[in-house]
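Next come two complexes, and both contain chain A; in the first it sits with chain B, in the second with chain C.
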Partner chain A sequence: MIAYFRTVFTAAWALLQGMAITLKYLFKPSITIHYPTEKLVPYEKFRGALLFDAETCISCNLCVKACPSACIQLENATNPQTKKKIAKVDWYSIDFGKCNFCRLCEEVCPTKPKAVWHSLDYEVVFYTRDEMVRCWKAGINYIGKYWNRKEKIFKDPEGQISIQEVHSRR
Partner chain B sequence: MTRTSPLAGVKTDTLFVNLGPQHPSTHGVLRVGLTIDGEVITKAVPDIGYLHRGTSKLAEVRGYHHCVVLTDRWDYVSAMPNNLVFCLAAEKLMGLKIPPRAKALRVLMCELNRIASHLLFFGTYGIDLGAFTPFLYAFREREMVLDLFEMCCGARLTYNYIRLGGVMVDVGDNWIAKTKEFIEYFKPRLDEYDTLLTYNPIFMVRTREVGKIAAEVAVNWGLSGPNLRGSGVNYDVRKADPYCGYEQYDFEVPLGKSGSCWDRYFCRVSEMRQSVRLCEQVLATLPPGEFMAMGVAKVPKPAAGEAYAHVEGARGDLGIYLVSDGQASPYRMHVRAPSFINLAILQEMLVGNKVSDVIAILGSIDIVLGEVDR
Partner chain C sequence: MTASGSGQAPPPKKVIPDPVFNEKNGRLLKDTRYWPTEVWANPWASPAYRRGAMLLIGIIGAIFATGWMIGELAPLGDTLYQLIASVASAGGLPQTATEATWIMIKALIILHVVLINGLWAVWWERKISAHIQSRVGPTYAGGFHGWAQTILDGIKLLLKEDITPAVADKWVHALAPAIVVVPVIIAFAPVSFGSQLAAADIDVGVLYIFAFAGISVIGVVMGGWASGNKYSLLGGLRATAQLVSYELPRGFSVVPVIMFSGSLDLSVIAHAQAGYWLGFIPKWFIFYPLVGQLAFIIFLIASVAETNRTPFDIPEAESELVSGFHTEYSGMKWSMFFLTEYGYVLLACFLLATFFLGGGAAPLPGLEIIPSWIWMLGKAMAMMFVFLWVRWTFPRFRADQLMDFNWKFLLPWSFANIAFAAAALLYLS
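Moving on, here comes the complex of A and B:
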């Protein structure tokens, strides 16, 4: 009988000790972020969705070789008069369905600034599989376009925002 | 007049119950086929393979630098030791010499990752047994560790930080200051965890008497990590076969006594204290210099041969056996995944226990299904 009440007492005392800790944090400021009304900006090295600049790319194929999952494809541009390959990219595509977000492509890119780099965007979403394959050509902005198979046109993706412009956290 | 039992003519039978694969307490996609007789389990058959991605086979068609990316996906809760063990094996094949700063950074990252991994265990084990509060506190601190990783290498789970010949980038003074700040913040939190969960009488009663593994049984089943040390067997790869300069740091290997769920739990919580000690020592003695070895080939083609390397991951003895035939990709890669081997003992441990203890036992062996299935 005494053992029973002792057990009840020790359990209740442990409960109160736990409650004291939770009570201590009740009066401290909240550490959670109310997404999506508040957003965290990642650190500068964050590996978000890849971006590409067709103007800087010299079409050297290093990123294609560096990619572990073979998600990058590109084709050299040719000089229309001489029909010879030039150090420019005709088109470039990244399949985000395969991308590992490992930064190997960015590390090997020889141009300055990098022609392919990780943005800070962690909110990239896709509604269809078509949208996962982004295409770039000269004159297309950093975010890229995707080929819509139903309508048979290149479309701008809706999922990506320009969080990469911001460089501070909170 | 004799009285007969009302159940005299009733036919009783055992019942087959599927636990999982979508059960939240199995921490992934694990199915356990339980045969129960009333409340008591008579047979348990773990069924794995729902998360199989064939990374051993994938490695055979990829270069050595690419394989590091694959290793991230085994034990995604603590990916740094995965990176490290592959690099150690490949470096043995190539005969690379690692600069001291890279070694220290590897130790630091692995220990921080051990803290993050054990915090996840601490939080989810509380949830498995019905205590929700510790989970929120554990994840608050785990978030800080993941922030450190994000700041340093850019990813929160799949780091790809430890590379062949060194590490991806050097850490800055800002990062070191933040890590020191975190460690100072984290030390008193460990005492709070003890109050919240470790020495809670209700928690202790639930876990102290169930899932006992004798030391011989643990060794026979090939357990490693905190599961083995919970049974009192002193085996830690960091002490038994030191790598990356673990021999120069001063730390203890926490041991359990009876091999119960609580002992395994307590081993992990004590390991977090040791990891904090290790982090402090590494930060105090971080050598200057290069973070990457010179002369790492872009497409390494090590000479034909084989190498085995193992490290103490957060879940146990994680090993890699690499065979090279002189080509750009490994001829064969075998992974000795601790979770996979630890999971096997479940079929013996569960028999004879009550259904309500299944989750307590399953949670205490702390498996990650990504590593079990690979």
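Moving on, here comes the complex of A and C:
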């Protein structure tokens, strides 16, 4: 008899405790980020879209060799007088259609600061297939341009929105 | 994009405090590890939280305004009745024509109570479920806290394809939603929305409501059978077992109320609870020691079970049967089942408010200035909040546990409650 009522009251108390918890959470502010209008900045080690700095790059080909999905291509710049290769990059391209965001290219990059590095941008979005192949030359900013095959010009990527203005580089 | 210099200082690391444990039993007292505690440290600092508080005030204000509107529009009914009667007498029509027109108008109003309640309750349930789970629910539709979400969902459901499975029994499949939804509208007839505000003054109102509410289960079984789907059939069978079982404690828990008030008429039951003990405790049945609380809890639990909502939703258990008896329904047929569910929730809320919370009576002596229809609607909405709260707190019963709980706990205690009420009536009055 006593055991029966004890069971009933423990069960009822447990139910009331559960209801108290849900009521507490009902009046707590929600942790939802309203995504298109509010954006979270990811943590430091987040591997977002790749950025490239043509001024820093010494054209050593290490990133091309390190890339497991072979998405990076580059070509050395040459000295116009001597026609010899110099430690500068003529053009550099990353195919984001192939890239698997593994950070191996950034890890092998010997320059300091890194010439190729992951930003914190997670909105790697492409409107056209051309946009997947980003190209860099001297004078093009970190986010790169893509070759528009219809209009035969380099254009800024339209899909990707930059969340952070300044990206941390190691 | 601005170029950044090399060697930037890394952003300062967040210091996350260690979780606090009880030294003796190792129970977690304060979990700090995974929760974004900085969001919750000072909630009033965030504008979203202040907007949420404004929403709460808005909801209470809207309930108040709706109740006030019901009260203001109720006298217009008499004018309308006079108008219809004068038109009928001028046209030389008999008295029954007036009555028939008047009953049709009242039926239309009751139908719209059910429909508008569907719009409101779905939105409210989505908001409450979202906030219980630290989400926000519908936000964009309509601009203000997604108020138009249900309207747009209704339009979407109207435009959806109405699918009848190839193996379905077509007539029964099409008839089932109608059989489900009609009794809930009929059952609303004797519900009093305030003093002197009921579509029909029926002397056996309680019996009438329970009788009609029991018919819906036939539609559920029909839907389950006619879909030609094993999940649906299982859902229909489970619904039968559950609803028929829970009818019993639901009916018996109201018997003490009927014994104390001496009537089956809802307005008489509500009126019997007027007045105060010691000048401030209202004479509501929920405040009758032991008997009232027991009857209230049993009626609440049985009502939740009758509406097939989560602790008792084995007929439409999502993880076991895909969605039970309405797996094979789409579009408006499907939404008929949902309309019925919310209609029964509202019915149960009004019944709870009438039986146990004094109907339109004010909770404190000074508050009679606020008219009875506002109190009635406010109590019903508070009860609806309890329904949603229970729904989003508890996990589902297993089928055998559900039956055990009904037959071994609720039913004996509702019988015992009748005995307690009889003893109280015999020895205390």
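Criterion: the second predicted complex is superposed on the first by the 137 of 170 C-alpha atoms of A that agree within 3 Å, B and C clash if a C-alpha of one lies under 4 Å from a C-alpha of the other, contacts with A are read in each partner's own complex, and residues count from 1 in each chain.
Rule of thumb we're sticking to: a contact is a pair of C-beta atoms (placed from the backbone, for glycine too) under 8 Å apart; a residue touches a chain by one contact, two chains touch by 3 or more.
Computed from a prediction, not measured in an experiment: that's the story for all the values here.
S.K.: Have a look at where A:Lys98 lands relative to chain B and chain C in the superposition and call it first, second, both or neither.
M.R.: Neither chain B nor chain C is touched by A:Lys98.
S.K.: A:Lys39 in the overlay: touching chain B, chain C, both, or neither? Say first, second, both or neither.
M.R.: Neither partner.
S.K.: Does chain B (first) or chain C (second) touch A:Pro68, or do both, or does neither?
M.R.: The answer is first: A:Pro68 touches chain B but not chain C.
S.K.: For A:Gly18, select first, second, both or neither according to whether it touches chain B, chain C, the two together, or no partner.
M.R.: Both partners.
S.K.: Taking the superposition on A as described, I'd like to know which of chain B and chain C A:Tyr142 touches: first, second, both or neither.
M.R.: second
S.K.: Does the superposition put A:Arg47 against chain B (first), chain C (second), both, or neither?
M.R.: Touch partner of A:Arg47: chain B, not chain C.
S.K.: One more residue to check, A:Ile31. First (chain B), second (chain C), both or neither?
M.R.: The answer is both, since A:Ile31 touches chain B and chain C.
S.K.: Looking at A:His118, would you say it contacts chain B, chain C, both, or neither? Reply first, second, both or neither.
M.R.: After superposing on A, A:His118 lies in contact with chain B but is clear of chain C.
S.K.: Would you tell me the residues on chain A in contact with chain B in one complex that are also in contact with chain C in the other?
M.R.: 18, 21-22, 31
S.K.: Under the stated contact criterion, what part of chain A meets chain C in this complex?
M.R.: The contact residues of chain A facing chain C are 8, 15, 18-19, 21-23, 25-32, 34, 44, 112-113, 141-143, 162, 165-169.
S.K.: List the residues on chain A that touch chain B in their complex, please.
M.R.: 7, 10-11, 14, 17-18, 21-22, 31, 42-43, 45-47, 66, 68-69, 100-104, 118
S.K.: Applying the document's contact rule, which stretches of chain B touch chain A when the two form their complex?
M.R.: Those in contact with chain A are residues 62, 65-67, 69-70, 72, 133, 140, 147, 150-155, 158, 160, 168-169, 192, 195-196, 199-202.
S.K.: Applying the document's contact rule, which stretches of chain C touch chain A when the two form their complex?
M.R.: It is residues 1-4, 6-8, 10-11, 36, 39-40, 43, 46, 48-49, 52, 128, 130-136, 139, 389-390, 392-394, 409 of chain C that touch chain A.
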